[in-house]
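Labels run A, B, C, D and E following the written order; every chain starts at residue 1.
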Amino acid sequence: MNTLILAAALLILLGVAYQSGWSKGRSLVAANGVTVHSRPQYHGAYVALWAMIPALVVLALWGLFGGGIRHDYIVSLIPVDILTALDQSGLNLTIGRIEALASGYGVVGEVQPWEQAAGDALRSFQFLTFAAVLILALVSGAGALFYARSRITARQRSRNAVERVVGVVLLICSAVAILTTVGIVASLVTEALRFFSFINPLDFFFGTVWAPNNAGTGGHYGQYGLLPLLAGTLMITAIAMLVAVPVGLMSAIYLNQYADRRVRGVAKPLIEILAGIPTIVFGFFALVTIGPFLRDAGAAIGLDIKATSALTAGVVMGIMIIPFVSSLSDDILNQVPKTLRDGAYGLGATQSETIRNVLLPAALPGIVGAFLLAVSRAIGETMIVVLAAGNSPVLRGNPFEPVSTITVSIVNQLTGDTDFTGPQSLVGFALGLTLFVITLCLNIFALFIVRRFREQYE
Amino acid sequence: MDVLAGKVKVTQKTLDQTMNPAELMDHPIRLTARDVTVHYGAKQALHGISIDIPDRAVTAFIGPSGCGKSTFLRCINRMNDTIEGAKVGGRIELDGQDIYDPKLDVVELRARIGMVFQKPNPFPKSIYDNVAYGPRIHGLARNKADLDEIVVSSLRKAGLFEEVKDRLSEPGTGLSGGQQQRLCIARAIAVGPEVILMDEPCSALDPIATAIIEELIDELRENYTIVIVTHSMQQAARVSQKTAFFHLGNLIEQGDTEDIFTNPVNKQTQDYIMGRIG
Amino acid sequence: MDVLAGKVKVTQKTLDQTMNPAELMDHPIRLTARDVTVHYGAKQALHGISIDIPDRAVTAFIGPSGCGKSTFLRCINRMNDTIEGAKVGGRIELDGQDIYDPKLDVVELRARIGMVFQKPNPFPKSIYDNVAYGPRIHGLARNKADLDEIVVSSLRKAGLFEEVKDRLSEPGTGLSGGQQQRLCIARAIAVGPEVILMDEPCSALDPIATAIIEELIDELRENYTIVIVTHSMQQAARVSQKTAFFHLGNLIEQGDTEDIFTNPVNKQTQDYIMGRIG
Amino acid sequence: MATDTVKSAAPEAASRTNLVRDSLRRRHFNERLFRALGLLAICVALGFVTLLFADVFRKGIPAFTQTNLHVAVTFDPEVIDVGPAPTSDQFTSEAEYNAASLKWQRDLALLNWNTIVEQALRAAAPAGTEIDARALLSIPETNARHVLREMYVKDPSLLGQTVEVDLLGSANTDNWVKGNIDRTLGDAQQQLSAEARALIDTFEADGTISTGFAWAIFTNVDSRSAPASAGLLGAFVGTLWMMLIVVVLAVPIGVAAAIYLEEFAPKSRITDLIEVNINNLAAVPSIVFGLLGAAVFINWFHLPISAPLVGGLVLTLMTLPTIIIATRGALMGVSPALRQAALGMGASKTQMVFHHVLPVTFPSILTATILGIAHALGETAPLLLIGMKAFVASVPATPLDQATALPVQIYLWQGNENRNFFEPRTAAAIMVLLAVMIFLNGAAIYLRSRLEKRA
Amino acid sequence: QSRDTIQVAGSSTVLPFASIVAEEFSAVFPEFKTPVVGSGGTGGGLSQFCAGVGDNTIDIANASRQIREGEVEACTAAGVTDIREIQFGFDGIVFASAASGPDFALTPLQVYKAIAAQVVVDGELVDNPYTTWDQIDASLPAQPIMLAIPASNHGTREVFQERVVSAGFEEAGAPEGLSEEELEAAETTYRQDVVIEISGDYTETLARLNSDANTVGVFGLSFYEQNTDTLKVASVDGVVPSKETVAAGEYPVSRPLFFYVKGQHIGVIPGIEEYVQFFLSEGVAGEGGILEAAGLIPQPAEKTAEVLAAFEAGAAQ
């Protein structure tokens, strides 16, 4: 409600400011002809911006310090004798009760008269402060409005000023991306450090046994060896790449070099459909179809393949990555200059010779970069492995057995019946940090290679 | 006027270098094209081109940009096959054999008709491998020594050997533009073609490199049938014995270079040569 | 020889059209450049250019490709500001006012110095909006009628009005190349500039469109100071009164067009005009 | 003289041609092999697409039909003994009326409506059927009592009347009728008692039980107590809220960031860093964004758990780099001629961008946005970590209400212990999700081609 | 303005029960919105529960185990001081194998012998020698040992350890002369070759059984009851698990289920008290109630009354 009133008031201020700037700009045009620097719209926007700044500053200050002031006021409402008897949590509880009373909600138990009084006082305090802040914001905004309006002259460069503000807004938007990274690193590092206060980092990074323990059973924390998870992750990634790279690369080559326009027009979007399918769907597909199929196929040839295994997850993940590999490879192949291809044809090379001897070597760095990006993707993939890898964090080399991965363990540890204060769930963040660092290195390396490749042919 | 006086000198100097027409008459016809048309999708790029190209001489195609010079050149070694939507009609014969004969192997044809492109396009391999690539895929060398021999002699013919002999294993892309273009010529020669097609081979080069390549073309003419596309009339005048003028997909006029430049029959040719079009 | 005979005719015909030098003397200097240098990153593209450009006349910049003609042209309306890494030194004055004065608003400057580019680049909007865009952002029209008036008169001045008057709301990109270029000229005129810069305005056009534009330039000269970059010496000779010859980033020679073409002082200029370089 | 050289060179050329010819068969074979491999790869890739779709459809289609019980229900006054519904004119104040009305409803809720269901079923069964109440009540879905109660609340005049009602068959009934359960299994291994199974077969024969389209999937929210009535509505709306947030936040911020980086930012170390950073963010595993959301939005900012707002914010951050990169690509593709034209007219840089460059890139930005949203729509892992793995049996009315999302619903259903019933349901939910995805992708392709044609 | 929806999160075992209650609750109390029941595991739920007091923290945490001391401390530190524990029933934990396979009748000792990395033979710890069940006890089928047990991120694991493995270890008789730590290790270390720890849910365990018919899996009783077509349950100590035997305390492997209520939210968030009362009512968590139909094993009515009294006493304080 209050937010709505505030927003409405600000909007009105904005509109009035714009209008007054615009009309002044307009009158200048009428008086001076074409020599006015900026168009009336810019003058309007200029005044509007000026008016908003102090209003927003007032609101921001209230947002920052208002809570504290309100808190102090509530405390001052509690009778001193009661206040002295309260400990911190009791105080919180009391404040909560008073707030609940003020907001009109009932509270449990008897309401003391002083509580009721405090609640009423708080309610009028809230109303008064709100009104005061609103008026202050509007008055300061109006002041700025008049100041800005008085500055508008024919030579006033309102457009430049407005454009500078637009530039700053754009800059702030692009800073969101940076903030995201900062946020990721900060949150992961903070929580991971808490984890490392329980578990020696060496035991985490080089441990070969993954057996987190509830502190309740046996009193010790168990073992948090990363290696079984890492091994599982890498095994699945390797299998995925074994599926995705040949199929993806060959389809890219076929579509790029052999297929005529009609075939390409049909096949390419169809393959790209694979890229649009949510991973949970692949996970389900792996769980109910590919897994049992591989198991039966394995049984038929005498192999003991588990339905949920590194193989199942790897194969399905490979399928998922095919369009990724093929569209990246396609891009890269497109970037190889056509003159190289012509050069080889001109010498009488067949098409496959051209591709194998000239195009691929030329595109190799780019393609390697694309593969690394695909690897990074496979490493970070979650839902397929959650459903189809079998969740078995044991260090072993058999791809027909279930494995667990870093991502799966993050989900398990953070959503299981684990002790949230202990390393059991904190390890999720340490794993997340590990995952982030691994993919970061891969991504940067891959992007570096791809970029170098692009520059080579620019 | 001096502008024109200068021009006369240039032209005369270049024409002096060429053979006299009588000499040219001796050269048998190597390539004949009859009524060649090319469509790119719905767009017709060539309208019935007929021309005879003599052996061991340089034939130049000139004409304003987009007139179809490159298109016709690409017909000769069927490079248009690699362009999606390009359709070629008419008949082109190399030594009397129809090169669009479906039974003819285009790979073999291209081994016989080499091509050099506008932008030097060495493969991203070593200098040696660039030249050795053609002989390798075609199985022209029986052993390493054979191959070495082919590479060296091709580089020599392309006038590049002395400059690169110490760095044959370095990448071909590291050479200067002019050297790269000569490397491409060496690469084409290595397959032992009978005809060499060149599409504006100097347009990406500086004047000095251009001069070297022009000289090289003049030498190569003794052993190969050469067809060159150029946008510089001076260059055509300098290196060719026969010239064909294209305009808007038509072959407007062809004949001995000297005749074309000094005495164009067609109005359009005149306009072009005098700088009124293009 | 006929090649040259033709040439003579062309040049003389064009020179006949130009004013005589005495006439030109009357024209006050509009733009002066002193010691203008431009660096693109580490590379120096212009080495101290000094030139005076007269009012109500056409000044042509000629020179081989890459010599810095466009670069210098772009200095005049500070389009180089938009190129990353470009640094401009020296001093350029428009009517005595330093255009690189930090206090000067470059947007205003560009409204005074219009520009027409090599490739016609109409906005992907209607013909009307193309022309109206400048007046709109600069607030030149008080109302719709004003704006209509500006649009019509600009199109008229650019000789395009009759051809497009029935389809002002159709996209400008749907016009032919020559019409597009005239649309761009109309667009530049609509802002009411004092100087118009043209960077090879005809190089993407066919001969007929070129002729129309050249004629238009000749008309516009009566009201505007025009600077034109061209790679065609014939064109320079046809349309300009003053010519400046650039080579490798230097201004080699400048003067009345007739003098430059008939009697170049500098050896390089001679070479260029005679087709020995470029 | 010239002719001489031709002649002497001819044999050499001929021998070379022969050499070339010799290797041709092998080379052409390799060529065909390579080409076949390429074709094979395409077929494999397309085969996977087909297989996946065929499989999901095969599994999911049966779930779009559901068994219904068509029975005559009597609203027996003996069972429904709570008195008539209060009317507003009985009370002086609104509050009193509301309180009485709520009390009436609660009294109704506390009645044993199962008795009425039981009576209805017994009436429908052939005379002489012996079956205990428990087995009988296992035939209709457990929400039958709610359905009846709600009917009654809406229309208290039903008291004492007998009306025909469609009730959902229970999940087990559904399985039995559809043959998802091995009928040869012994009693101990069956969910339904022998009597119940026999009665279902009788009902099926006499038409009391029929199968119809499973509207429940689209009109109901998730349900645990009555699996057969579980639907996707809540998850769907939750997803819609999240997508709305993504559109409202990611698109403007992403486009603005791209504009800044591409058009305004000076090329410097910092822009380089931002660029690397954005490219990297686009490849950061989605689960890491989940961790970010859990730590930052929930633990630090104390935003509500399981709310589409948080999910939307996480997905926004995840989609942002994609949109920035796509937009930058589109901006980069705008011809410099257009920019020069605008600048040459005396447009400022901002005007150039907003008047000319942006409109031209609009189709690409739109497409990228739709694709980015389609991708965000299918994302599951990060949502699990921010508590969207909740059971929510209501339709979220605001983005601050608790909700799940379509993919999470799929995840929850695939783990349901009633697998015979929920495996098809999951596949059906997947079909819905895929339909949305394909619609979005198709829209992107269609819009792109249309807008590009127009431009 | 306060939130008007009760928020619940926590154990996935309790989740189905809590969600059913949530649905029914809103039917019975139309004035309240349907409570939202999140999952996230006992730890996850408690972590949200202990994040503090206020609108954006949950009101009730479901738990398949009792709250730990550390967690209570964390709660207190965040101002959550009024934590009310509600025990509402039991969950049975069963051993089940493929329906087509042989019957199993297990004892904790046998399971311990099958699972421990080292077993006691003649008072000495030796590496586990058994490969088939009948080597452990002739009464068991001659089938290779293979056990799928929940991993430690499940609450069930703790019960399994305490009620089965530790019990078996005790029965086997601890060998002499071992330090505390060695004893503990012997008690809690499983062999890797035949034991599969499942960190996913029961469907994962079931998948293991389907792929290897020799596997014996550990499930919740309700999961088993929904899948009787493919699973066959084993008796423990001769008692076949069922609601009756668990509720009567005859079947040894069971655990109580809880939820925790944030006292400070009572009265602020509407409906919490009613939710608790409704949950514990006879028709819901009692014998023959709707939760029993969903697989909950009801606790004796006296216990329920006791719990409710304690809750309400807390409410009045």
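Here is the rule we use: contacts are C-beta pairs under 8 Å (C-beta built on N, C-alpha and C of every residue); 3 or more make two chains touch, one makes a residue touch a chain.
Protein names from UniProt, one per chain: A = Phosphate transport system permease protein; B, C = Phosphate ABC transporter ATP-binding protein; D = Phosphate transport system permease protein PstA.
Bear in mind the structure is a predicted one, so any value in this text is a computation, not a measurement.
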Name, by label, each chain that touches both members of the pair chain B and chain E.
A, D
Apart from chain E, which chains are still tied to one another through touching, counting links that pass through other chains?
one piece
For which chain is the distance between its Cα centroid and the global protein Cα centroid smallest?
A
Once you count every C-beta pair in contact for both, which comes out on top, A-D or A-C?
A-D
Where centres are the averaged C-alpha coordinates, which chain has the largest centre distance to chain B?
E
Centre distance in Å when chain A and chain B are each reduced to the mean of their C-alpha atoms:
57
Please compute the C-alpha centroid of chain B, do the same for chain D, then give the distance between them in whole Å.
61
Which integer distance in Å separates the CA centroid of chain A from that of chain E?
35
Residue numbers in chain E touching two or more further chains are 39-40, 44, 54
Touching two or more other chains - residue numbers and ranges from chain D:
20, 27-28, 348-349, 389, 414
Multi-chain contacts only, two chains or more: what residues does chain B have there?
107-108, 111, 137-138
Would you tell me which residues of chain A are touching chain B in their complex?
260-261, 337, 339-350, 353, 357-358, 361-362
Tell me, which parts of chain C touch chain D in their complex?
77, 79, 82, 84-85, 107-111, 114-117, 119, 121-124, 133-134, 137-138, 184, 187-188, 191
Given the complex with chain E, which residues does chain A contribute to the contact?
88-89, 92-93, 96, 100, 103, 105-109, 211-220, 222, 287, 291-292, 295, 306-308, 386, 390-394, 402, 404, 408-409, 412-422, 424-425
Report the residues of chain C in contact with chain A in the complex, numbered from low to high.
105, 107-108, 137-140, 142
Which residues of chain E touch chain D in the complex?
3, 5, 7, 9, 15-16, 18-20, 22-24, 26-31, 33-34, 36-40, 44, 48, 51-52, 54-58, 99, 201-203, 206, 222-223, 226-229, 283, 290, 293-294
